[in-house]
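Structure provided below as structure tokens; questions to follow.
Chain lettering (A, B and C) follows the sequence in which the chains are written, and residue indices restart at 1 in each chain.
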Amino acid sequence: MLTYIIRRILYAIPIVIGVNLLTALLFFYVNTPDDMARKILGEKNVTPAAIENWKRDHGYSLPSFINGKERGAARLTQTIFFQKSVPLLWLDFGRSDRNNIDIGSEIRSRMWASLAISLPTFTLGVFLEIVFAMALAYFRGTYLDLWGVVLGVVMMSVSALFYIIGGQYLLGKELKLFPISGYDHGIYSMKFLVLPVVIGVLSSVGVGIRFYRTVFLEETGKDYIRTARAKGLSEGAVLFKHALKNAMIPILTNVVVSIPFLFYGSLLMETFFAIPGLGSFTIDAIQSQDFAIVRSMVYLGSLLYIAGLILTDISYTLVDPRVRFE
Amino acid sequence: MAGCTNDPYRSSEKGANVFYTTFNEPPKHLDPARAYSSDEYDLIGQIYEPPLQYHYLARPYELEPRNTGRVPEPLYYDKEMRALDHDAPAQRVWRAVYEIKVNKGVMYQPHPAFATDAFGKALYLGLKPQDVKDVHEIKDFRATGARELKADDYIYGIMRLADPQIESPVLSILEKYILGLKEFSDLLRIDLEEARARRRAVRGASYNQTVDEKEDPIALDYRRHPLPGVEKVDDHTFRITLKAKYPQFVYWLAMPFFSPLPREADLFYKQGPLADRNITLDRFPVGTGPYMIDTFNPNMEIVLARNKNFHEEGYPRRGEEGDLASGLLRDAGKDLPFIDRIVFKLEKEAIPRWNKFLQGYYDTSGITSDSFDQAVSVSAAGRAELTDAMKKKGIRLATSVRPSTYYCGFNMLDGAVGGYGPDKRKLRQAVSIALDYEEYIEIFNNGRGIPAMSPLPPGIFGHIEGADGVDPYVYGWDRARNRPVRKSIEEARRLMEEAGYPGGRDGEGRPLVITFDNPWTGVDASTMINWYIKRFKLLGIQLENRTTDYNRFQEKMLKGNFQFFCWGWNADYPDPENFLFLLAGPNSKVSSQGENVSNYSSPEFDRLFRIMENMDNSPERLKVIREMLSIAQRDGPWVWGYHPVAFALLHDWVGNVKSNAMANNTMKYLKIDATLRERRREGWNRPDLRPIWAIAIVLALGSIPAIISIVRKRAGKKK
Amino acid sequence: MPIILSTDLIVYFLIAMTVYFSVGVRREGTLRTAWHELKRKRLAMVSMAILAVYLGVALLDSIRYRDAVVDGNGAAVRSAQGSTVYSPQALSLLDRAFAGSRLDTEKTYSAPFAAHLYTKESVELADGTVARDYPELKHPGGHWLGTDKVGNDVFFAALKGVRTGVVIGAGTTIIIIPFAIFFGVIAGYYGGAVDDIVQYVYTTLSSIPGVLLIVAFMLLFGGSGYQGGFISEKDLAAGVFVPNDRLFWLCLILGITSWTDLCRLIRGETLKLRELEYVQASRAFGVSGLRILYRHIVPNVMHLVLITFVLQFSGLVLAEAVLSYIGIGVGPEMGSWGNMINTARLELSREPVVWWNLLAAFAFMFAIVLPANIFGDAVRDALDPRLRMR
């Protein structure tokens, strides 16, 4: 088991390096350091000399990938890529371009706000999805199933933007049940979280119900279920005892992959509800073109994705002993 | 469910003497040498105290000393260092000397940088990472200290402006004026590069500049080099020497760039372990002002708390006419500040901000174009008034013309729209007429703007009201109604014809296509662009939109690669020079990277500009300005655009509010009635739970068929 | 003078594909049975009809030509060289059909079917005094869904969003189909190093957060592209075909971030197909690898392509709205529901509320996404036997 995990992690290393290279290429090509300097130095009194100085002071005056002026190892190390991108490999995110903040400590402090909203949304969402999907599977073929599916499809046909705009308008402004937006620490955050969590669940539950319903239907169509039914087990028992257990693999695939991403937060929710998490951190960075932050977040996102893949593989082996560690 | 509330604050804050306001993006720099935007000034204006400030109530704007004896009068000297008269001509002035006396007994806020041990040694210098394990904010340092404000601190603050690591946005301007600043900053840059080279040599190939300077910031020693333009006379007096006559310099002394900065604080923050925890001067200022930073969480809230060391300062005893009647002088002479804490909440979105203001959770608010109709109606007399709904809530309205101008311009270097021939002038005049800013202001600003006749907004010396101030090429004057009338579109079309573009077509019949550069983003961008396209179409001109991001926009402006553009200007100080230099030839963007974006260059205008910039406000100056304006109006390098008018809404529990477009330290004057606020909030925010019950009932009813079908299934099985 | 944008090609291709399948349905075996299956479902057929209407609107909005410039007397203007002068704006058939809605603009907001503006304005009375009143519209009752902030017809704006929605929904998948098939099939068929490389590429790509990749890409390529309105001199100089289209770049990058799913599916299917007897037999007979791929493998993964295509459609239409919110969607002059929602967001805080912009965007979007979802499900059920049992 341990060797399996280690091998999976080793396999991820080239991917991490690939992501690193790709982002470096993209970001130093998309946004030349000159652009960055101009944007960051502001609107008034920006002279070319000031831009040159900015680049020098932020380590952007170096060549991109190979420094011809240097000798030996320095040919590679004294480059933008090596100085800005390679430290990411050992999670040294460095400083933001715009206001020199330490990105690593910023990520650590913002992570909790992201989790505070994404974790309840996710668990509540998955729970409701599975419960409703099982209910639909139980009533399959009846008009309840039909209307349930129709409702699910209708719900997933509405843009998430509408849920957010409508939710803030109705629950926050008209009914005055919750603060429209905002955040506070610890226990005080409760009242701010209800609205985004409810809206987050509403906007994703349609897709989930439909997905899990097909999973359950596929499972209940299988032979062993028929046997169970033939044995005279009640439909409820069939669903809970057999179908649910065997549907664990597709459910796990869906769930485990997303777990690491919970840290990453939600771009839309966090900006609309002014929650100081990683999602709004990223959006702000995009809008102010702080590419040191964007680069870090891209990299972090990739790491989380890869972690999700590895976790999924491991969880398979735990749920289903038939899966071997090849 | 019964505990539902939309109150965004903790219940412990109820009834406290706290002022609630917002910021819409995290401030980037609170370092006074770098901060240059209004939202940053909202914060540091309350913390740092530069030598001068604008009088809160007096109009026209007037400077008054702040911790300094008086507003300094410059002494002028010629080449032989002989004293000159105050009105000596600029070319004879060789040096201008400003002497500033600092008040005694002014103390800094309590701050760990001043904390010393029993031997007077700084307690928190040479920190190691393990020393600051539990430090997340400046509050987490247990010991603090304070000391008296000295002339050295002002000098240190000015020297910091020259530090290449600071990247002060005004260094390039000040280098032109302050004696020796340029040389000083060049020497510092050499020092910096040498320091880097030394570190590089030690580290070899593994040297990584960013990482290295993050772990161990380079602290340059400013005392190694002379800065003749700034000298200390004694502990409480210093002098600033300029290389030329520059009457506008006193305005600079009211800007945070000239705030005193204690050297202890600078050295304190230049410690790697602190920077690693994001504890920097950019986030935790050290000042002498009425407030100090209590909480700095730019992603959520910034809290200022009363500085208990704040020196004595009284509420102004005099004001403008009418201030007495409106109760603005009720607190005359009382000790400032009135409010204990100021809470800035991050609100990026306009809708939540507006709604929370209406719910009473923010004490003041601006008005977006979309909430305007709800808040303000324009009375029959054309005056803005609050709607009844607002009046019922006790909300009040404060308006002020901002010292800024939003204009569109032509590239005077462009072959098609630029140039100074009569035909080109007529083309530009036609466009100026067609761009009906009265309509624009009505649509996009709900009338909150004044169509401009020149770059000078109302309230700035040189702005002329009434028939005399009208741009005669774009407007006529309606005597009966006593107001300007925009010339008709037919007249504009005729001008087009005379310009050689009848119906917008050139001699060969091709339609005139003008490219339109702007950096607009956001929700209104497309409708604004469409408006411009629509108006140009009236002349038969095809406007080709080229919206780009701000970077590319600036790059195009710098290279002169554009025809028509829109931009804006916020004045640094209330002097016509700060507007008219936008049209001065030597400031051309393309040739000298100045702020004259349309690259307008008129020898006569430039000659008058040189005269005007060194004059004090006087009838003679007014005459020169009028001459300049009429030249610019004739050439029409800009479509003058409009001057925005700011509308602010206030709840009735906020007192002592008077809009002041120049001052940024106004929060110390404000007052609130917290009990009244509490009462109002409770009245306005009763949660409405009925729909929740309704939904619950619908859900319950909806599950009945499911229950029935289960029951039936069961029954079916039993059979 | 006709103008063809690169996204127009997507719409043409989509039409061609529809025609091909409707012909193919009559001929071929599996498609034919699937079609019969599909025909039995009334909801799916209604959905298909609605989608066809949308496609028709998109097509009308994708056939465009430039008008010759006429002078005051209506005669065509000629340049010095004697050639006809054309306007830099290429109006589509849709623009021409709705010329009324396009040109009859009001000053600012007006409610659906209203006769007066929605906001009061200072109206000058004869005696010189100013009163605040609701001015009369230029076209009272003529705007079915009202007008927006600058007085443009909302119905027409929503209609212009159709093409953007269809192009994003369909174009994204169309652009990447060839790559997904190629890489998926060779990875699955050849295995070994080829498989490793392809897997490495798509794992790497898919592990970069999509939104960020899109942002970076759009900043790089999207800036100079055609964004609606006039076509720039530079693009016109290239001739009839205008390849530099911001919407196209958007489709491309959305494709790059979403092709990995399809590729993975195809690879998996190919792995299975490779082991089938007739493929094994062909290999034994020495048929070349490429030929096997072309003859046996590719046709048998096409149903996956079709399923992915219809299933991704709705998600992509929704994604466009979100991207516009972040500010990297289509340009402001190109109609798009995302842009409409973005503006409408602020209008909800007006008092009285301006609701028709939001409603129009919602209705138009809902009316394509819902049928797309229903139709997609039906197609999947019809084509993938695994999910057909019920």
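The rule is simple: a contact is a pair of C-beta atoms (placed from the backbone, for glycine too) under 8 Å apart; a residue touches a chain by one contact, two chains touch by 3 or more.
Everything quoted here is computed from the prediction, not taken from an experiment.
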What topology does the chain contact graph adopt: line, ring, star, complete, or other? complete
Chain whose average C-alpha position is farthest from chain B's own: C
Just curious, how far off is chain B from chain A if you go by their C-alpha centres, in Å? 36
CA centroids of chain B and chain C: separation to the nearest Å works out as 42
CA centroid of chain A to CA centroid of chain C, Å: 26
So chain A residues touching two or more other chains come to none
Going by the touch rule set out above, which residues of chain B reach two or more other chains? 351, 355, 549, 552
Residues within chain C bordering two or more other chains: 219, 327, 345, 348
Going by the contact rule set out above, which residues of chain B touch chain C in the complex? 350-351, 354-355, 368-371, 373-374, 377-382, 389, 439, 442-444, 447, 480-481, 503, 505, 508-511, 513, 521-527, 529-531, 533-534, 542-549, 552
Inside the complex, what are the residues of chain C that reach chain A? 200, 203-204, 206-209, 211-213, 215-217, 219-220, 314, 318, 321-322, 325-327, 341, 345, 348, 358, 362, 365-366, 369-370, 373-374, 377, 386-387, 389-390
Which residues of chain A touch chain C once you look at their complex with the stated criterion? 14-15, 18-19, 22-23, 26-27, 29-31, 140-141, 153-154, 156-162, 165, 169, 214, 217-218, 221, 264, 267-268, 282-283, 286-287, 294, 297-298, 301-302, 305-306, 309
Considering only the defined contacts, which chain B positions touch chain A in the complex? 4-8, 10, 25-26, 28-29, 36-37, 136, 164-165, 167, 169-170, 172-173, 189, 204-211, 214, 275-278, 280, 282, 297, 299-300, 345-349, 351-352, 355-356, 359, 549-552, 554-555, 593, 595, 685-689, 691-692, 705-706, 709, 713, 717
Can you check the complex and tell me which residues of chain A touch chain B? 35, 38-39, 41-42, 44-50, 53-54, 57-59, 70, 72-74, 77-78, 82-84, 87, 92, 94-95, 98-102, 105-106, 109-110, 113, 135, 139, 142-144, 168, 170, 172-184, 188, 191-192, 234-235, 271-272, 274, 276, 280-281, 284, 288-289
